[in-house]
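Each chain carries a letter (A, B and C) given by its place in the written order, and its residues are counted from 1.
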Amino acid sequence: MTAVEDTPDATSLMPTLAGEYYTSADIFAAEQERVFEEMWFCSVRSADLETPGAFRRVTVGRESVLVVRGRDGALRAFLNVCRHRGAMICTEESGQVKRNLQCPYHAWTYGLDGKLIAAPNLASLKDDSGADLDRVAWGLIPVALREWLGYAWLCLADEPPPFEDDVIGAVTERLGTAEAVGHYGVDGLALGHREVYDVAANWKLIVENFMECYHCATIHPELTEVLPEFADGLAAQYFVGHGAEFGEEVRGFTVDGSDGFESLPGLDPDQDRRYYAITIKPTVFVNLVPDHVIVHRMFPMSADRTVVECDWLYAPDVVAAGADTARSVELFHRVNVQDFDACERTQPAMSSRAYRNGGVLVPAEHHIGDFHAWLNERLSLREGRRPVGH
Amino acid sequence: MTAVEDTPDATSLMPTLAGEYYTSADIFAAEQERVFEEMWFCSVRSADLETPGAFRRVTVGRESVLVVRGRDGALRAFLNVCRHRGAMICTEESGQVKRNLQCPYHAWTYGLDGKLIAAPNLASLKDDSGADLDRVAWGLIPVALREWLGYAWLCLADEPPPFEDDVIGAVTERLGTAEAVGHYGVDGLALGHREVYDVAANWKLIVENFMECYHCATIHPELTEVLPEFADGLAAQYFVGHGAEFGEEVRGFTVDGSDGFESLPGLDPDQDRRYYAITIKPTVFVNLVPDHVIVHRMFPMSADRTVVECDWLYAPDVVAAGADTARSVELFHRVNVQDFDACERTQPAMSSRAYRNGGVLVPAEHHIGDFHAWLNERLSLREGRRPVGH
Amino acid sequence: MTAVEDTPDATSLMPTLAGEYYTSADIFAAEQERVFEEMWFCSVRSADLETPGAFRRVTVGRESVLVVRGRDGALRAFLNVCRHRGAMICTEESGQVKRNLQCPYHAWTYGLDGKLIAAPNLASLKDDSGADLDRVAWGLIPVALREWLGYAWLCLADEPPPFEDDVIGAVTERLGTAEAVGHYGVDGLALGHREVYDVAANWKLIVENFMECYHCATIHPELTEVLPEFADGLAAQYFVGHGAEFGEEVRGFTVDGSDGFESLPGLDPDQDRRYYAITIKPTVFVNLVPDHVIVHRMFPMSADRTVVECDWLYAPDVVAAGADTARSVELFHRVNVQDFDACERTQPAMSSRAYRNGGVLVPAEHHIGDFHAWLNERLSLREGRRPVGH
């Protein structure tokens, strides 16, 4: 086992970010601009959009984005704004159009590929040079989209960063090899359960909470029962390639340690009876256990509010057979509620004079410092912004 | 027919205002100061205040204004603020006082003409020079008021602009003559129905929507049935003096084209079987049809919220007889709902990067550019403010 | 009787603060910093926390403060923020812990004296110099606390101002002697009734209202019946040492002038049958009558919202006997409702152009000018801030 970083002083207390990072509307705006709108942002489960014309509307940073299945079977994403006078093309959360995307205000009509295909008097409209309108240039504004692990990842940047480095690389770095996650066949799994949590806390508190296990003994009795080493408080993500082992008596990753389902077919023997937690910055958590995968997607709404959508994914035959997933789902649902409660009771103190210069990280939390350094680097991009706090 | 302006390039796309005009609290504050509080603002229907002491409280820009019927029968308007310690004189939306306007905090008492007439120990109070208080100078602060078309128009400016130019002139410019509106005898009509709409959109989106008919074919099926030329999308207000003609089969301006009421007595023959829409900037729409008049008054509350009060006015004998106005009211009520829905689905996109530089106006909407130019000119008054956007 | 200040011109009108003092978020923030967080702030009734481990959570300025009864019987106050990662120690309004204050996130545990006494792996944590953590330095951050009149007064300043001058001195100045308030034995009284009011008004409007009686004849019929001299409108607090005398027919300080309870044992004869009102800046009112004491504590929440907690205190045997205090409580409860209504109808006008430069104080209100001067002085402390308004 290799520690993620050298920890020259394994006993000292490291400073956290200053309190204002979790409360300032200005810093949240900077995060929207330089984090959520410039990085790959996991938005929609691909399988939620099955047939051509199926769409879902998601918020990425400050933008409403339409993800839609094309007639050719491909997923595409567009800003949800008509090019004419700006009406939203779709106001429903999700739905199905018959053939095209039509603005209901003046009937400007776009193909599922975004191209402008009709509008009242379109033939007589000319551009500045007097030419007919270019149907692509006047189409819906496209948003970069990549599919991976069965999800559509979007990027609003003009030049998206390399997906292989930022997204796939984060998983490889955590698991130790590029192949490890592939054994779970995540993009072939089926959705067994979905839960949406509206959390009154800054998204970074949720990330920090997920990254450390110093709190596990205190607030996660069921999880610690299943994964006894979590009682020691060492971070689930502290060691490269390491997954926490199930307790000897534990038969499955369930709320009471009772049987789960058959292990997913492609697993390595050393992936069985283990739990792997992965953070893909900025807003995704992937949790791997032998018989299912749990994926969290965060949607930061304001400095003090984050919506979290959590999917429980199983082998397709488990879902098709209508198997009872209740005890399996209940374990991590309780973990979620316990964690989000902790985040919500932390948020109010972020504005206290007691947290003006932040709090401290104990050694088992030191790797959270990397997350803070990474954030400060992103926020200082472009304009040489001086990081706030320490 | 004369077009409102020369349109040298009847096919090109013109830019709209930038998105921030519809979302910025700063620009809304500037509009309150330089538009709603400096122009004539249509507030209250005069006939709503019948007897001496009847009052209504209205919001003009950022001010609460009291409009009250005097003992002499005249309407007057005052800031709704006691001169002593600032309590609101009236907190009810409307009502009737017996004799005077008395502040319920310390009993400072004002006549219906605003003059200070009583206060505890008033006789012993002296001004800076030691003289008795001047009862007029220490009266309620008056607001300029003009009555026209049966409504009280208020102006908070120290020197109100010429009513004849700004208000009456707008109607003349649209109808072609100063007399045309007089034929409808609007100030003698009776209120048949009133509807209040709370619209989650910037007031300018509502103005722009009212000014153009490019959307009519798409969202107004009933209106287009009654006024077939609206299906062509040419603006109702595009040509000076032009009113849209009823369809051949149409018997009245009703939701199903069935009979309306007798035409108003003073109409010119060429005003019969026609619909005229008039925008009186900043916040009033007047709709003239042969047997009734529809008046919209907007009350902008914030950058993204506007309350619209809409009156349906009929000949007094129609209202007195209790005639069934349901089909007549239903037509424009549907139009209102359709329009305000469109505005509400446009508002959210105003903050999108897709609308950072605005959208486009097709030729049938080019006259909206005049509205934008007018607004920019008003906002740049006084302090040489540089217009935002194009 | 000595007037509080010379009033060289007893008939003139004095200006009040400008309207923005009551609406500006910036001025409210300055008040939080320089008034509520630097002065002694009356927070909790000591007797509410009887046994060791009893706590109450209060908001002082922008801080959540925990007041807790120690094992040694002493009250102490701490910022309600864990030193580790900032979670709130207590989220309930009040309660009782068994032995210690434990953060429910990572189980850092503090004694009732604030000292850090346990944490997972605490023994292995070291400070920057490599030494064991100092349990006091890493304890909960203490807040200065003084008990007087049966209440815990808190001060967040690094160097609290002299309690004797700022708090006790205010009472002495009003009553004329340092001993006068002692005759009521306030800290030995028992709580008969508590009422909490959520007032949509700036805290200073509530102070100003309490300081003057020019409004009494208008809005306080019951109070004026009991205290006839209040009908003259002279301020209850205008003359040093003066208490308003009960009317001749009045038998007690009750809503209908009926009998109250026996006078408190220590009263001077000249304190019997009299009402004394005292303002202890910034947020406390004390009302003394022969048989009970009424204490108002304000909790300013924003520029336009103030929570007021009002206690009715009686001799312990009155409360122990379960005596009927309804008519006694009802009198000042009505006064409170009448006053807070007046403040709420004043708040909206503070943003009007009519109050841009404020209103006026009549001679019977001139002493409110001292409050305004005092506030301006506090706000201009430290950074030579130029007072707003007159």
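Throughout what follows, a residue touches a chain if its C-beta (ideal position, glycine included) is under 8 Å from a C-beta of that chain, and two chains touch if they have at least 3 such contacts.
This structure is a prediction, so every number in the text was calculated from the model and none was measured.
The two copies, subunit A and subunit C, are related by a rotation of 120°, based on C-alpha atoms and rounded to the nearest 5. By the residue-number overlap criterion, the interface of subunit B with subunit C counts as different, with under half of its numbers used by both chains. If each chain is reduced to the centroid of its CA atoms, subunit B and subunit C end up 48 Å from each other.
In subunit A, no position touches at least two other chains.
Interface of subunit A with subunit C (complex): residues 11-13, 16, 19, 208, 214-215, 217-219, 233, 342, 345-346, 348-355, 358-365. Subunit C contributes residues 62-64, 79-88, 91, 104-107, 120-121, 124-128, 130, 141, 156 to its touches with subunit A in the complex.
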